[in-house]
Amino acid sequence: MAAISEPVVANAARAQLWRPLLHTSARYRMVVALLAAVTLWGLFAWGYQLKTGIGVAGIRRPVFWAIYLVNFVFWIGISHAGTLISAILRLTDAGWRKPVTRAAEAITVFALMIGGMFPIIHLGRAWLFYWLFPYPTERLLWPNFRSPLLWDVTAISTYLTGSTIYLFLPLIPDVAALARHTTGWRRRVYRALSVGWTGSDREWHALEFAMKLMAGIILAVAVSVHTVVAWDFSMSIAPMWHSSIFGPYFVAGAIFSGIAALLIAMAVIRRTLHLEAYLTEHHFNNLSKLLLLMSLLWFYFTVAENLTAWYGNEPKEMAVFGARVRGPFAPYFWAMVICNFVVPFVLLGIRRLRTIRTATIASVCVLIGMWLERYLIIVPTLSYGRLAATWGKYAPTWVEISISAATFTTMALLYLIFAKLFPIIAIWEFETEVMEVSSVS
Amino acid sequence: MFRCLAGLLIVCAAGAMCAEQPVAFPHDKHIKLGLACIDCHIGADLRDRATIPSVQKCMLCHAKLLRNDAEVKKVIGYADKGIEIPWVRVYGFSTDAHVKFRHEPHYRAGIACATCHGDVAKMSVAEPVVKHDMGTCLTCHRQRNGPQDCAACHY
Amino acid sequence: MSERTKHRWAMAIDLDRCTGCQACVAACHAENNLPLSDPESAAKGRAVHWIRVDRYYEGEFPEVKVKHMPVLCQQCDEAPCEPVCPVYATYQNAEGLNVQVYNRCVGTRYCGNNCPYSVRFFNWFDPVWPEPLQLQHNPDVSIRMGGVMEKCTFCIQRIKRAENDAKDEKRDVADGEIQPACAQSCPAEAMVFGDLNDPESKVSRMAGSGRSTRLLEELGTKPKVFYLQRGA
Amino acid sequence: MFLSAEFRAREQVVQAVRDLTAQGFVRDRLDLYSDEPVEMPAGVLPRRSYMSLGAVTGAVLLLLLTIGFVYFTQYNYPLVTGAMPIFSFWATGVIFYELTMLGAILTTFCWFLWESGVLRRKRRGPVPELKDGAILLRVECEGNQGETANRVLREAGAESVQELRA
Amino acid sequence: MDRRNFFKILSTVSAGAAATSCGTKRDALAPLLVPEHEIVPGVEQWHVAVCRECAAGCGVIARVMEGERTVERNGQKFRERVAAIKKLEGNPLDPVSGGRLCARGQAAVQGLYHPDRVRGPLKRTGARGEAKFAPVAWDEAIAGVVDKLKGRASDVLFLTAPEVSARTASIARFVQAIGAPAARTCSLQQPAGLPRYDLARARYVLGVGADFLGTWASPVYYMRQYGEFRQGRPGVRGHFVQADSRMSLTASNADEWVPIQPGSERAFLAAIGAVLRGENPKQEWLDACGVTEKRVRRIAEELKQSEAPLVIAADTEAALYVNGLLGNFNKPGGVFGVYASLGSAPQKGDVRGARVLLVDAGENPAYLAPGSLANVETIISFSPFLDDTAAQADWILPDHHALESDMAIEQPVSPKRSVAVGTAFVKPLYDTRAVEQTLADVAKKMSVAYAPVTPEEFAKPLLAEGESWEDVVRRGGVQADAQAGELKVPQALQVQPVERSPLVLQTYLSTQYYDGRAANLPWMQELPDPASSAMWDLPVEIDPKTASSLQIASGDRVGVESERGAIEVFAYVHPAAIPGVVSMAIGEGHAHFTRYASGRGANPLTVADAEKPMRVKISRIAGARGELAQFSPQDREQGPWGGR
């Protein structure tokens, strides 16, 4: 915690950060309505799938998993934006993180909620998902603790619990302040959420300590969560899945896509809430560098993963590798390489080109590229199994596309609502930061 | 989930309906007269399934006995029309349970009818007194060291 | 392995006898109430054949050879499908059968992904049979609902029936007494079913033959289906 | 009796705390209230925390509970699993790890609620109302200490000193 | 015979009608409410029957257990319990099936419970070919038929299967009684009277053009033999060479496949024969079949060297010629003569000349000879399904399904002189009538003296002394030891010159649908084609060279055109097809044949001949919609992009 030389009355900043909480524009309503419409359509598609059967999706033998699981991995990856980044930055005490952390942590929680839904959506009998939990019945049935899917269940619930608390803790002083300055139902909600925060030094002290501890724990959990997600695949003996590199590969990919998501979220917040003074070039520059670093790391992993398969020349692996690199999946593969490596490398690697706008463009590319990466991990392997006679091809249906699209709108919707209820920048953490940063730049 | 609920409803409905059997058949009276369960429910000892006797079987005795009893008259009515009595099921597994239940191994193991069907000998109307669900089955299988392999019943 | 008991059911398929006629495929449909496909679902890769005959062409005309191989659930001892099921809907029973419990299945399809033989099939919808085709249904076999996995059971209903008959008569199940529908139908008698724990059984002898191999043996799945390669 | 003094600068607060401590006010009787965290120089108004210890304890506790749970269900649930054990350390290791972490997370959160005192607010007397940018120092006085405190606070530079009522 | 099968036969009872019970709306108990002396829930009964899916007439046993169906009475729907056939298996006592059964045979039960069966007599109401019918009463239908037959006996043509059976005997008696010409057949079934090849004991087999493991003669019988031939004798493994114009199921099992041009089977055998006689094979023969002299000489030499050589060919005369040269008549592993028949099978006939056509179940001239019914005035069909021919009929008087009928069929390929016998043991599902019965009714109405040939009457000559008919019915057939007829050895082979053209289409009987008669069975529709793995359709098989020159890939829609007509089908690039020889299986392309086959695929007989290949033109249809359903689209063990 940076020292405060003297208490600052940051009324101006507070007013600006609180404005979106107190005033709702017509444009906001319109956007929310639009997003809600798509989300509802996705819910309808899901309802249709529940009623008719999972067969309304395009999955088939042998491609038993497809874009539902792609979305699952993708969103869990996005969720690393947050917590992981904010935790790393908090632990390394990087001062510039302060206006960024809340935005990142919120992404985590919402992305996890959405990602966590997909294993349920993709179930053949989704209404029986609770069978994955160990609860006693006289039927003496029990979940299988050795299944990676059960690891997922525990990992994601732990991560969701942890990241919610991690988001909530630094929110307490802000809601306490909001409770003091608002009236009506908002005041009651904020007061309830402030769990009796008084602003005493004991509280500040405990909060600081808890945040440090949580940052450490959440870091360990976040790494494990995406490793476990990777293990869903690499614990299997399917060609190109059974790879020891998958754990770190997925974690790196998750951080990569997480930073991209964060950059996009920040760019949008900066523009719509006019927070140019708080989210400065400096922040974007730093995050862009991080993104570039992750892009290089991702490229390294991708090369390592594919080169070994190619060199090993094992026929079953080569069938999948070939399908990806020069077979039916080649367009996606090369699009992925361009999106994840070429574009970020050019746009962010060349200093002159590195602006907020290019960083945002690169981030969008990275998100597309990372989605494709997951698609390319899941679908080709399943399409080209060990026995050539079982090969098959997959194409998604409107149900899968609707549900997938709805998750993006749900994310945006949750984010918008969150930004409407809580300050998206942690005011107490950063009030002095404004001055520090402006003196630096 | 929907099915479980539906199954539950069926069980409840069956319970509710047991009072409205087409003929008020008094099990207790027949047992007292010396009949055994498997005299009528043939197959319960040596076959997969126990059967419900045909109305012809009832008529073996009631062609002569108690012809004036109100309930017996109903039986005779069915027999004369040549149709079977539409009995309402009291016990049974729902098809969704995918249980391949066989009576015979249970008979071989010496399980009394009353273990699963209650003491019908004391009932004037058969009622579902023993819950036929996986808990009941498994509890007994565990106590008596019966097979607890899922595939013993579900396939 | 401690749980394994008296029997260990296995199958041997003599590829030199197999003609690829697919009588076994039809027999399986008749015995096991497999859901009917339709042209659209078949084109989507959703036709269900618990046993299939894989055919491969090798070489170019005129030196071209055809390979036929009936592939059914290999009932692996170290089945990759088993540990990944989160609810124990598929597991190894005491007689070495790789069992699928339909009621317990929630439909993660993980087992299907992890089966290197791709012999697991999923019920994408509740199955439908137009009246009166359902009259043909085998009452000994469950009609699977939508959302669950299914696969070859080694005709467990026939195994249970035979074991029960043997128990009634206070004797052991004789070799050859149990025949799954596929083996029963095979005109060339290419498929033999029996007990691996009985060293005298026909299947044990075939499994020990010099021609005996197993499919994708290198994966360490220890299948219980033995393929006898063509040749003397 | 509780006194609340309003300061505008951290140095003044530090001075006030030092003076009060010298006058025999123990640190448990002194509380700072502010909008933002106020960092004190080392040795001034130190607050001890056992949160890490708590987190570790919670983690170990849940780990043991989980191991026990998984291990004992093996015997209470005689599932036929084809000789696959329910309990297998490496395969269930992930679950142990995650639940260990969950234990740490939950204890940290609970510990925070306890240690920060938000749950014990009522017992700790009246709370001064926060003002933007102000640092409030609350002093709990016994008997005739009130005047001493008042004097010390004003000397340190307090803008105002008030008596707090519940 | 193993114990289980012994049990099956023992439990066979000659129960007549099925058990039914009255159901009500809340019939929760109905599943258990079946009179105990008939079908008991959970208890299986086995009854004998005869498979009628091809001409072989395999004896089968049917597993009967309880089943449930919905029936409508007085506008109310009831669930009804009936005895239902669950599964067909080979009859272990039958000399042909020996307890085994092929895929088509097992699917026959789906024909019985087919949702689109003709449920009673129908009268045409629309124009011919519109397939509009109205249900009528049997009396009206019979009167209608009598009306058409009266005084036109000489115009009548009765089509029935080319087999010797109680059915064909009854029909022969009927046409004789009304004074009509002898019954004919239009089916592609192999006619009765083939010699029997002792495959099981042969050491070296040369097959020529006969798909005896797929559709020729009796596939089940020969597959049983094939298993023994390969691995049935310790230390001995038969060697198998197949000369064929396509990679048939049989050829795919051979140790060596000799690709020969379609229609050149006789030329190939003549060349082999020439070598065996120590002569030089004529160059024109070698040119016709496209095999080198060296190869012919080697194969002939190998045949000569073998202890038990055998030549199996679809061309019986040529087969006997070469086998005669090998001197393997009536020897183990050789050729055996034909047993004396109980009658004569209907010969091939042309329906074009007929005025009044009576079509037995199983005969489908509208499909097998497209356009041949154009000039026929009256068509009377006995088909239990609305097939291509029945859809054009004036009257449909549906026969029972084979599994609901009494029957006796002489088995054309059998180690003994044998007749398979089946009795009805499930109650007919619908208001159908056996053809024999219908004919008797018609004869009665026409005041013609006629009594159908009963199975007992038909099989009587084979019954041994003291053997009771009940015994025969229980065992599902009767066999008699008899002396096989002498084999006539042709002294020389007349080889017709074979025309060659750059692109020819040959047709063949499909494993799934035979001559199209099994296309209505969903199990057969979803049985992957052995060559292309296609389901619910049959593609045209094109060799890779031709395909690439025409820019055709597997799954493309192509147009196939000949002087006869044109069809549009999916293409399958067959890695083992002979360049320039395009093949297509017969089976799909029915205008009408129930919901599962109507309008699906294309009928190759509209462009080609069943007997001889025809010159065709093939072109890709760009932008066509649809997808060829294949169970295993990948036919090589490695993908095209698999290598490093």
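Read from first to last, the chains carry the letters A, B, C, D and E; within each, the first residue is number 1.
Throughout what follows, a contact is a pair of C-beta atoms (placed from the backbone, for glycine too) under 8 Å apart; a residue touches a chain by one contact, two chains touch by 3 or more.
From a predicted model like this one, the values you see are computed outputs, not experimental measurements.
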Co-neighbours of chain E and chain D - touch as defined: A, B, C
Chain nearest the overall Cα centroid: C
Pair of chains ranked first by number of touching C-beta pairs: C-E
Between chain B and chain E, centroid-to-centroid distance (C-alpha), Å: 48
Whole-Å gap between the CA centroids of chain A and chain D: 31
Length of the line joining the C-alpha centres of chain B and chain D, rounded to whole Å: 67
Interchain centroid distance [CA atoms averaged], chain C/chain D, Å: 63
Set of chain E residues in contact with two or more other chains: 41-42, 632, 636-637
Shared interface positions of chain D, touching two or more other chains: 78-81, 84, 91
Sites on chain C at which at least two other chains make contact: 52, 54-56, 83, 88, 91, 93-94, 104
Listing of all chain pairs that touch each other, if any do: A-B, A-C, A-D, A-E, B-C, B-D, B-E, C-D, C-E
Residue numbers on chain E that touch chain C, as the complex places them: 2-4, 41-42, 65-70, 82, 84-90, 97, 99-107, 109-110, 112-115, 213-214, 219-220, 223-224, 226-227, 230-231, 235, 237, 247, 249-250, 252-253, 257, 259, 429, 511, 522-524, 526-528, 530-531, 533, 535-537, 543-544, 575-579, 595, 600, 627-629, 631-632, 635-637
Complex contact set, residues of chain E against chain B: 21-24, 26-30, 32-36, 40-43
In the complex with chain B, residue positions of chain C that touch it: 88, 91, 93-94, 97, 99, 101-104, 140-143, 145, 153, 156-157, 160, 164, 167-168
Of all residues in chain B, those that touch chain E in their complex: 10, 14, 17, 42-43, 47-54, 56-57, 83-84, 86-89, 92, 102
Sites on chain E touched by chain A in the complex: 632-634, 636-644
